[in-house]
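Shared chain: chain A. Partners: chain B in the first complex, chain C in the second.
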Partner chain A sequence: MRTFNIKKTESRVLIAMAFPAFAIYAFLYLYPSLSNVYYSFQRWDGVTKPEFVGLHNFTYLATNDDLFMKVLGNNFRFSFIVVIFQTLLALLFATFLLKNTKTSIALRIVFFFPTILSSVSVGLIWNFLYDPNFGFINAILKSVGIPGLNWLGDTRYSLYAIALTQVWFHTGQMVVIYVAGLQQIPQELYEAAEVDGASRWQQFKNITWPMALPTTAVVVAYTTIQTFRAFDLVYSMTQGGPLNSSDMLVTLIYNTAFSSYKWGYASAQSIILVFVVLLLTYLQRRTLRLNTGEK
Partner chain B sequence: MKAKGITAFSSRRFGAVVAVAFALVATTLPSATAAGEVFGKACTTEGISTGQSTTSLICTMGSNGKLTWTRVRLGSNSAKPVAALKAQPGTIEFHHWRPEDKVVLQSIIDKFEALNPGVHINQVIMNSVDYTNLAYAKISVNNKAALFVTSRGGQFDQFYKGGLLKDISSNRYVSQNVIASALTPATVNGAVYGVPYQSLFNNPLYNSEMFAKYGWTVPKNWTELLGFCKAVKAKGIIPFAWPAATRGNAGQIMNSFLMNSAPDLATLTARIAAIDTGKADLTSDWFVDIAKKYKAMNDGGCFPDNVTGYNDTVAPADFASGKAAIYPTGTFGMSTVTKLNPSMAGKMKMMSMITVDTKPLYQGITNNTFILSVNAKSSSRDQSIANAFLSFLATAPIAQEYAVGTSQHVSIINVDYAANIDLLNTSDIMGKKLLLAPRFLFVNVGTVRNPLEDALIAIGGGADITKTLADTSKTIKQSLGA
Partner chain C sequence: MFYKVFKNTLLTLFAAAVLIPSSIVILGSFKDDLEIYTKPLALPKHWSLKNFHTLIETGNVFTPFKNSVIVAIFSVGITLFFASMASYMIARSTTVTGKFLFLLFAIGLAIPGQVNIIPIYHLFVQLHLTNSLIGLILVNIALTLPISIFILTAFFKDLSREMFEAAAIDGAGHWRIYRSLALPLCRPALAATGIFLFVICWNDLLYPLMLISELDKKTLPLTLIDFRGEYATSYSMLFTAVLVASIPMVIMYLTMQRTFVAGLTAGAVKG
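Here is the complex of A and B:
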């Protein structure tokens, strides 16, 4: 009986101790998320009383909103490009910077440096680099006889230009994650491979890549989420233009809510965004698990 | 530099141009009554004025094409401006979107607080983009935001619909200190819900020194404008530093394209409303004609190369450094230019951008914005503080401090712009027939105006007119239906 009372008291104390954290979580995350679900079934301009419209916002999104579909496509393309290049570059750099020599550590810092910059600053810096008339990139291209491009002002290039910036911005962060993951691979495996006469490429293919798959899963999932949250960079560089060619779901949702005052519709868009990210992350993890033989 | 410019400035023009600002609501008097007061029986120079008070006369062009003296009548009645109200002690927040005005406004707040012990006003400032998007959400749940600004059109309508705007019509400073015509954007069903503090002029700025050097004159019609572009480009100079990559300022030029695009204001308003509500397409002949003119300017070399990538950091820099002849934004762009190159002070003038070959209906654009309103949801004490501060801002010396310090014309009676040569230099536009910026008649900003402007920008950059307008029209209609 006494033991039972002590346990009961302990559990109350534990609940009480968890309460502040839960309250903050509930106020800052749970409540807004549930509100978002609620408003996704409403027509609401943020001023007048919300009106319940059932699934209308979702059906309209799926059947009548070409812009949403275009932006969804933009986001998939952006995500695909960034995930591929950022992951491969990060793995490549991490492979070369694995040893804890002074040079490697210094280079890791150099690669990581862009990550500590604010995304708006990065956007402004790259705006200058991409300037079609006096930007550094076009100047380099012109110096070797290649005509420059209107990087951010042309619907054909704007998305790729931002993707390149995103890769530059975040590759260093992924290098650090990869370095930590690759350093866990037992050195004996490489030594044994060398004894067997395996080349560097064979070592990479048969040891590094399979052993790095769990880290790759983290990097890929994290990068995917980053690409679906790339608001600041897009907003500071193109605001989604020209003609929505670089619009992402997050910028579209922002404009739907705060420029068009369609809060209910924006809520529905954001719920689709959550499901897209969940689905992509699930598929990526499943693919990588299949490659490692995990079930 | 500025002092030298002012000294060099002709005293006749100095006294005159200041007052021209108030010609917007001028009431015509028989020339016989007015003649002889200062300048003689007949006026010969359009825009010349006898002073800046409500009893001044201004030389204006009548409908018969003759210059006549016109009495300036600025207020809604003939009563003199009143002093500022007294405030009860307390603290309020003042929300606005102009970080560049922070210092000047703080100086004014300090003076107000000194005159009203126990009063504290805290500025809460966002940049204009964030303010457009977030101000309503923030202010609607913050009763301490007793004084705030809105922009003309969609944002003012949103705050009005939300019941956040207090009716301030009964205050004497509203009827006696503010230029009556400037109150229009803040008036709903005869009640005044704010004071549009700034009188902006959204017309292209040109480098008058460069014009004089090359012997260029301001184009008077569409054909001359395209010819002008050719001449300027031949000199290796960018004719129009149009910041197409920055929608906010790139959109200003649309005002000039719209102002003479319809036979009268009622038709223009109806056409804009039809597009704004989805009843008309961008593929209508009227709008296609406007789009064609954007394309013609691009084809005619008026814009810089790769204009859709030309942003509002580069454009004023090119204008300030003499690489461009015209910076097509408005008076609000002058301070940026003089910050980039102080020697530009006194060299900027404002032009009418005429995009028709027929007789233009309007010669320029004005906009009364930065609408200062009292929060209807604040406590009565906080409202009284906000109202008193608003009345303080509406006194001539304070409005003058704001105008000179921020390089903005204001809508307050008896303000003297003498201390800012750029304000003086651009004041002559006010003597012309101006239209309240039609761009802001598109009240569905996110759903209609932004995509519409993006389409015009793309066309100005060389995109196909038919496809761009058809695609954008479809997007607009779908967005309106969501």
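Here is the complex of A and C:
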């Protein structure tokens, strides 16, 4: 800003260049987001005239809706499991595949591969692997004498089965992010530790983990948001069933709107989703800032 | 010693976890159902193209394929064009307008696009944009603008200010600088962002599921979901459809592997 061409008014060309993006974004992102807030105060089936009900949708959600609470719990459990396992696995694999040798690069390419598939394809593939009668997983289990499970059809396992698929789906992407982060760590630190006779575990604990915290912050934040956005994978594997055991917030919102036609109520649910995501993002930023010593 | 065994076991297990399902799908599309159930990993007894024939004859896979290509290409192209102009503006702005715009787009990063399904659906019904590829393209553009602007603005800000100023002294206007200097210089960033967007648009299910019901407007993920209902447990047909739907991505991944990884990780890191 200390250059000679300081201007009080913006160049018209610049304004014109930003205008198309601004117009589409304002009309198809900001305006719908605001309407969503407005709808959340209405009783509305999407067809007849909406009726203003104040905070009724929210109080009902908080006090009377067992299904919503169950799904909220499902989503938190799903998110927690995926964040923990995916992050730890990715960090582990990244430390294994840190050096740019041919094998490491080849393995990174293999691990990353699922990321490019669509959730629906991944869902269909895993539907086969999990199939109780013909599935590959049960076949392996049976061959070593363990009885197979009805992975997706049993209320006890469906959520965890989808979480496993999610980890399979996106660990490779996180590995690549970690590799980029870990390669920034000065090699001298490891060499010095080696001279001092530090074990691999000590090196990991005292150098890799603290130095990788900023990357961990990114990975955890991204994975958390991804798990609260989950729709495609759940819809193509179980559609939230059986008995809502694998229902997530977005699948619930979709069904509230397009199966039960409670549009105002669905809007209120999505406002809660926004708050959950914002709160989690804020908490993670704060925790990880404390750890990295910033501010 | 223990470390080596531990490391190699884990790496082998995960590599197998990726390669085995992929092989089952590829091999399975040349088998019949019985063979998939009994010997999922064996090479097919006869390399039969029957599944592909059935898919083409009855499955109507060309139309959704074409629709997906149209939607992805236009969504990505327009988003890149608009986002790069807006990012150039934000990076070069000398007033608060640029900062304000950047904040406005940052809101879009904080609100997941999935929460807007109800207002978008309502709006699109009023605008007669349901069952329309243009509608899908518009949704994709709106949803991917914030992340694209985030990535590209960071890139434009890294370009040297002196270079822009030198060009301005030589009499080049903003449009000229954007066209002939900024855009060519950020080609790698554009390519990476473009791939990231392409994957999102190609794979999206939620918005097509909500907005498209007519058969000849469906995209590939929607068709796959329909197939699941239609062929229930006929995995030979499902695998063939999955293979066909994934081929463009796989080819792009294998030929532009670096750009691919750069794009998908930039999207995660900046988002």
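The working rule: the second predicted complex is superposed on the first by the 282 of 295 C-alpha atoms of A that agree within 3 Å, B and C clash if a C-alpha of one lies under 4 Å from a C-alpha of the other, contacts with A are read in each partner's own complex, and residues count from 1 in each chain.
The criterion applied here is as follows: a contact is a pair of C-beta atoms (placed from the backbone, for glycine too) under 8 Å apart; a residue touches a chain by one contact, two chains touch by 3 or more.
Everything quoted here is computed from the prediction, not taken from an experiment.
Asker: In the overlaid three-chain picture, which partner chain does A:Tyr265 touch, first (chain B) or second (chain C), both, or neither?
Answerer: A:Tyr265: touches chain B, not chain C.
Asker: Tell me which touches more residues of chain A here: chain C or chain B.
Answerer: C
Asker: If we overlay the two complexes on their shared chain A, which of chain B and chain C does A:Tyr254 touch? Say first, second, both or neither.
Answerer: Both partners.
Asker: After lining up the shared chain so the two structures overlap, which partner does A:Pro114 touch, if you call chain B first and chain C second: first, second, both or neither?
Answerer: In the superposed model, A:Pro114 contacts chain C only, not chain B.
Asker: With the two complexes superposed on chain A, say which partner A:Ser236 touches: chain B (first), chain C (second), both, or neither.
Answerer: In the superposed model, A:Ser236 contacts chain C only, not chain B.
Asker: I'd like to know which partner A:Gly46 touches here: chain B for first, chain C for second, both or neither.
Answerer: After superposition on chain A, A:Gly46 lies in contact with both partners, chain B and chain C.
Asker: Is A:Leu92 contacted by the first partner chain B, the second partner chain C, both or neither?
Answerer: The answer is second: A:Leu92 touches chain C but not chain B.
Asker: Once the shared chain is lined up, is A:Gly54 touching chain B (first), chain C (second), both, or neither of them?
Answerer: The answer is neither, since A:Gly54 touches no partner chain.
Asker: Name the contact category of A:Gly197: first (chain B only), second (chain C only), both, or neither.
Answerer: Neither chain B nor chain C is touched by A:Gly197.
Asker: With both complexes superposed on chain A, which partner does A:Gly145 reach: first (chain B), second (chain C), both or neither?
Answerer: neither
Asker: Kindly list the residues of chain A that each of chain B and chain C touches, one partner per complex.
Answerer: Chain A residues touching both partners: 46, 127, 131, 134, 254, 258.
Asker: What residues of chain C sit close enough to touch chain A in their complex?
Answerer: 3, 7, 10-11, 14-15, 17-22, 24-25, 36-37, 40, 82-83, 85-86, 88-90, 92-95, 97-98, 101, 104-105, 107-108, 110-123, 138-139, 141-143, 145-146, 149, 161, 165, 168, 173-175, 178, 199, 202-206, 209-210, 220-221, 224-225, 228, 233, 235, 238-239, 242, 245-246, 249-250, 252-253, 257, 260-261, 264-265, 268-269, 271
Asker: What part of chain A is in contact with chain B in the complex they form?
Answerer: Residues in contact with chain B: 46-48, 57, 60-61, 64-67, 127, 130-134, 150-155, 238-239, 241-244, 254-256, 258-262, 265.
Asker: Tell me, which parts of chain B touch chain A in their complex?
Answerer: 132-134, 136-137, 140, 158, 161-162, 244-245, 247, 304-311, 313-314, 444-447, 450, 454-455, 457-458, 461, 463, 468, 471-472, 474-475, 478-479, 481-482
Asker: Which residues, counting only chain A, touch chain C once they are in their complex?
Answerer: For this pair, the touching residues of chain A are 1, 3, 5-11, 13-15, 17-18, 20-22, 24-25, 27-33, 35-36, 39, 46, 89, 92-93, 96-97, 107, 109-121, 124-129, 131, 134, 136, 139, 168, 171-174, 176-177, 180, 200, 218-219, 222, 225, 228-229, 231-232, 235-236, 250, 253-254, 257-258, 263, 266-267, 270-271, 273-274, 277-278, 281.
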